[in-house]
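You will see chain A twice below: alongside chain B first, and alongside chain C after that.
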Partner chain A sequence: MLLEIKNLSLQYVRGKKIISALRDVSLTLDKEETLGLVGESGCGKSSVAHSILRLIPANEGKITHGEIFFEGKELLQMEPEKIRQIRGKEIAIIFQDPFTSLNPVIPIGKQIEENILTHSLKTSSLQLKEKIFSLLEEVQLKETERIYNSYPHQISGGQRQRAMIAMALANRPKLLICDEPTTALDVTVQKEIMELLMKLQKNLKISILFITHHFGLIGLYTQKLAVLYGGEIVEEGSTQEILKNPQHPYTQSLLKSLPRKSFKKEKLPVIPGSPPDLSSLPSGCIFHPRCPKAIEECKKKVPLLRELKKFNRKISCDLAPFS
Partner chain B sequence: MLKLYIKRFIQNKFALWGISFIFILSSLALFSPFIVPYAPLEQNLLERLQSPSILHLLGTDDLGRDLFSRLIYGSRISLTVGFVAVSIATLFGTFIGLVSGYFGKWIDSTLMRIVDILLCFPTFFLILMVIAFLEPNILNVMIVIGFTSWTGLARLVRGETLSFKEREFILAAKSLGLSTPKILFFHLLPNVSAPILVSATLGVGNAILIESSLSFLGLGVQPPIPSWGNILTTGKDYIHFAWWLSLFPGLCILFTVLAFNLLGEGLRDILDPRSQN
Partner chain C sequence: MASYLFKRLLTLLPLLLGITFLTFLIMQLAPGKPTDLITDLNAKMSLEAKQKLTKLYGLDRPWPIQYWEWLKRLSKFDFGKSFKDDRPVIHKILERLPATLLLNFLSLSLIFTLAILIGMTAAAKKGALFDKLTTLFVYLGFSIPTFWLALLLMILFGLKIGLLPISGLRSLNFEELNFLQKAWDMLQHLLLPVSVMALTGLAALARYTRSSMLEVLHQDYIRTARAKGLKEREVIFKHAFKNALIPIITLLGLMLPELIGGSFIFETIFAYPGMGRLGFEAIMSRDYPVLMGIGTMVAFLTLLGNLLADMLYALADPRIRYK
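After this line comes the complex of A and B, so read on.
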């Protein structure tokens, strides 16, 4: 197992409010596997990613309990210097918006170079330049010479994201976290970037934690899926099985509310209400205020994530399985 | 990017005037031994207080020294003091500002309170106070001006750093394992370099003005070494019958400070990302 997150709980402090952003989140990721983490805005998807790399500023959030193992090493207790050597070298991350995640006043080539130098011994500048060019070619960028010398604003969004990927993969990490890598791009570019990621995953034998709110991409590109709602995992298992036959009412409602290919003009079903206020959680099951199947019991009893053998997955709903 | 800045620079008349003047002045200072008609310390008591003529372009002073030669040599002092003092202030202010803004918490509070305390004193008064305890020479003048004029820049850099450190590319750099010094100097510094450049340019003018004032008061560069400030001191005593002794050093200071200010203001417009074309 490459990555194992055990009972991760994270709280943010905003003035007097305590926001419990993640509660007992457990995930596992094997070598060369792609795990999709899906959920609506503010459900804690990015918090999971940032927790793995310990990027949550100490004055804003605190991991109250839990453990994260990467190749058997515990990340949360690790010394800052050691975690710095893991960042970018063992685990790398790509962010949503390739424009804001590149430094606007430094040419692309220089930024990649700095990143390579962080984790490797000094090499000759010629070798370094060659390495950067081969990285740029690897992410299928044409005109590598021009890209090398360009500032981020001089190249297109797709090119920027490719450059970001080149930078993230420069030191051959074992795990790549993609935090909504295609959300800021248009659909055709989105497809190209995803295909590129999958190709690179095969060639470089890396694992990918893919964070998104896009079920279409999840279905096409991931093997395992975890559905996050209000900071809790509500359903987890094989992607294809969950998409074919969702068992948790939240997953069911989400999939129902996806637009389909149809020429009929009809209203899209929506999930009533809004995501829970994480500073004052509802009693019982976190989804009960919006759940179409909720019964009186759901308001009192907190459901635990349990194995559902028949459907080969984990689920946190006491009423499941719904046949 | 550089091309755009050069284009804007050429379109900016004030900046062009400023840099032309500074360029000419710097050349004069650099090549002064080959330009001046007389040695700046050479006295000729027979030709005391001569008014401007072909022989002495800008006249002579009370000891018969050629004013034109002395002013040219004085520009060396002014420019040296300006650049060295500003270099000290810029290095120091930038470092303090970056560290203060990036680390925040008690480091920020401590450093900014020190800045507040220093800002309580009028800068010139502070310099006078410190220089009174030191031997008045050019080296001390540069150091004292340098170490008393970094506060404004430190605040400026701190403010810029505060806003830039929240940007996603800093998080991305951190996530790729870059060390804190690298984030500070490789990622943050280039982003705050434009205001630093503007502030440094304006600072040179200010440092020259302070040096002249100190020398005028007899606390800066000491005679017989010519400095625009101490030439003015002599001029003051003869102002009723040797106007050239006050006017020309005064004009030198005026135009030099003006040139640096024009260049600084020009750079501000040129480097402003919001300005048009």
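After this line comes the complex of A and C, so read on.
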């Protein structure tokens, strides 16, 4: 096992409000595996990603309990200097918006270079430049010389995201976290980037934690899937099995509300209500106010994530299985 | 870039003309005439002599004509002669300029170095004791009137303790001193004015740097820099600082004219032989040519300072290109 998140709970403080962003989130990721983490905006997907690298500023949020093991080493209690050495070297991350995520006043080449220099002993500048060029070629960028010298605003969105990938992979990490890597790009570029990521994953034998709200991409590119709702994992298992036969009412409603070709004129089904207010959680099951299958019991009892042997997955609904 | 610069320089001319026109107009609106000091305060002066003097200075003609005459002289870079002692205005300005330059260069460099360091540290450690102390210091610096603080310090260090000279730039026996003693003498004279100027100027700029820095620290690319495993020092100084510097450049441009113009109140309090006091004296005696000379120079430098700031912008921020 490469990555193991155990009962991760995270709170953000906004003035006097305490926002309980993640509650007892547990996930595992094996070597060379791709795990999809899916959910609506604000459900805590990115918080999971940022927690792994401890990128949440101390004055904004606090991990209240839980452990994260990476190759057996616990990350949350690790000394700042040790975690720094893991960031960008063992675990790398690609963010959603490649424009705001690259420094506007530093050329692309320099931004990749830093990533190499900070984790290695002195390399000659010629070797360094060669290495950066080969990284840029690896992510299928043409005109490497021009890209190397360009500032982020001088290249296209797709090129920027490729540069981000080159930067992330510069030190050959074991785990790559992709936090909605294609959301800010248009659909054709999205496909190219995804194909590139998959190809690189195969070649470099890396594991990917793929965060998205896009079920289409999840189905195509991940083996395992975890569905996050209001800061809790509601269903987790093999991607294909969950997509084929979702068991949690939330996953079911979510999949039903996806537009399909077969839809003609009837209205697209939606999940009634809105995501829970994380500063004042509903009683009982977090999904009960919107759940089509909720019974009186659901308002009182908090369901635990439990093994559903028959369907080969974990689920946090006491009423399941339904079929 | 070159053609842009040329265009900008061309637009400076009408602006400068407008400023001198307004200065001239306002000067005419002020009560009292340049000749008052010599005539009205002198009982022996006959009416005839008074008229003769007015005519000599060209003050009997309507003010638009006076302005036109002044402009004609200026086109030959002739600032005219002082009404007070008949010396060329340019000489009077040039002999005062070095003292002002020295004082302002010292205090401005002190202000910029300290303010940037304080502002950046306060931002990096937001909410910590250091940040709170600087906030307090900034409030004090903002609200304490310069002249009042100057007077208090003069009383304390000059009279009570008797450690520092309270006025001027040189001691009476300056000419008899050797080089080192001269330098020491000037340093002693400069200590109070420089510190008072720096103290009050520091507050605004430190606060400005802090807020600029705080804004930058929330940007996505700072998170990327941390995710790459850069040391916190590199994140702050390489990634954040470059971006936070951009708005500070505006202030630098605005401070340039102050560097040469000097402060009227400040130099008068310290009896400092600089441009500010020259201006103050010129106003009190309605010495039009000297006033116009200083006004024109400061206006020109203000415009030049703005232009310089715009040029520096392009250097600091690659997204800005002038055409």
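Note that the second predicted complex is superposed on the first by the 321 of 323 C-alpha atoms of A that agree within 3 Å, B and C clash if a C-alpha of one lies under 4 Å from a C-alpha of the other, contacts with A are read in each partner's own complex, and residues count from 1 in each chain.
In the analysis below, a residue touches a chain if its C-beta (ideal position, glycine included) is under 8 Å from a C-beta of that chain, and two chains touch if they have at least 3 such contacts.
Quick caveat, the model's predicted, so the values are computed rather than measured.
Considered on the superposed chain A, chain B and chain C are sterically incompatible, since they clash. Once the two complexes are laid over each other on the shared chain, residue contacts for A:H65 go to neither chain B nor chain C.
Once the two complexes are overlaid on the shared chain, A:R14 sits clear of chain B and of chain C alike. Looking at the shared chain after the overlay, A:A92 reaches both chain B and chain C.
Of the two partner chains, chain B and chain C are each touched by A:N115.
Of the two partner chains, neither chain B nor chain C is touched by A:K301. Contact with neither chain B nor chain C is seen for A:K202 once the two complexes are overlaid on the shared chain. In the superposition on chain A, A:R146 contacts neither chain B nor chain C.
When both complexes are overlaid on chain A, the residue A:S101 reaches chain B and chain C alike. The contact surfaces that chain B and chain C form on chain A in the two complexes overlap at residues 53, 55, 59, 84-89, 92-93, 95, 97, 100-106, 114-115, 118-119, 151, 164, 167. Interface residues of chain B, counted against chain A in their complex, comprise 1, 105, 167-169, 171-179, 182, 186-187, 190-191, 193. Taken together, the chain C residues at the contact with chain A in this complex read 126-127, 219-221, 223-231, 234, 238-239, 242-243, 246, 316-319.
Contact residues of chain A toward chain B in the complex are 53, 55, 59, 84-89, 92-93, 95, 97, 100-106, 114-115, 118-119, 151, 164, 167-168.
Put simply, chain A touches chain C in their complex at residues 50, 53, 55, 59, 84-89, 92-93, 95, 97, 100-106, 114-115, 118-119, 151, 153-154, 164, 167.
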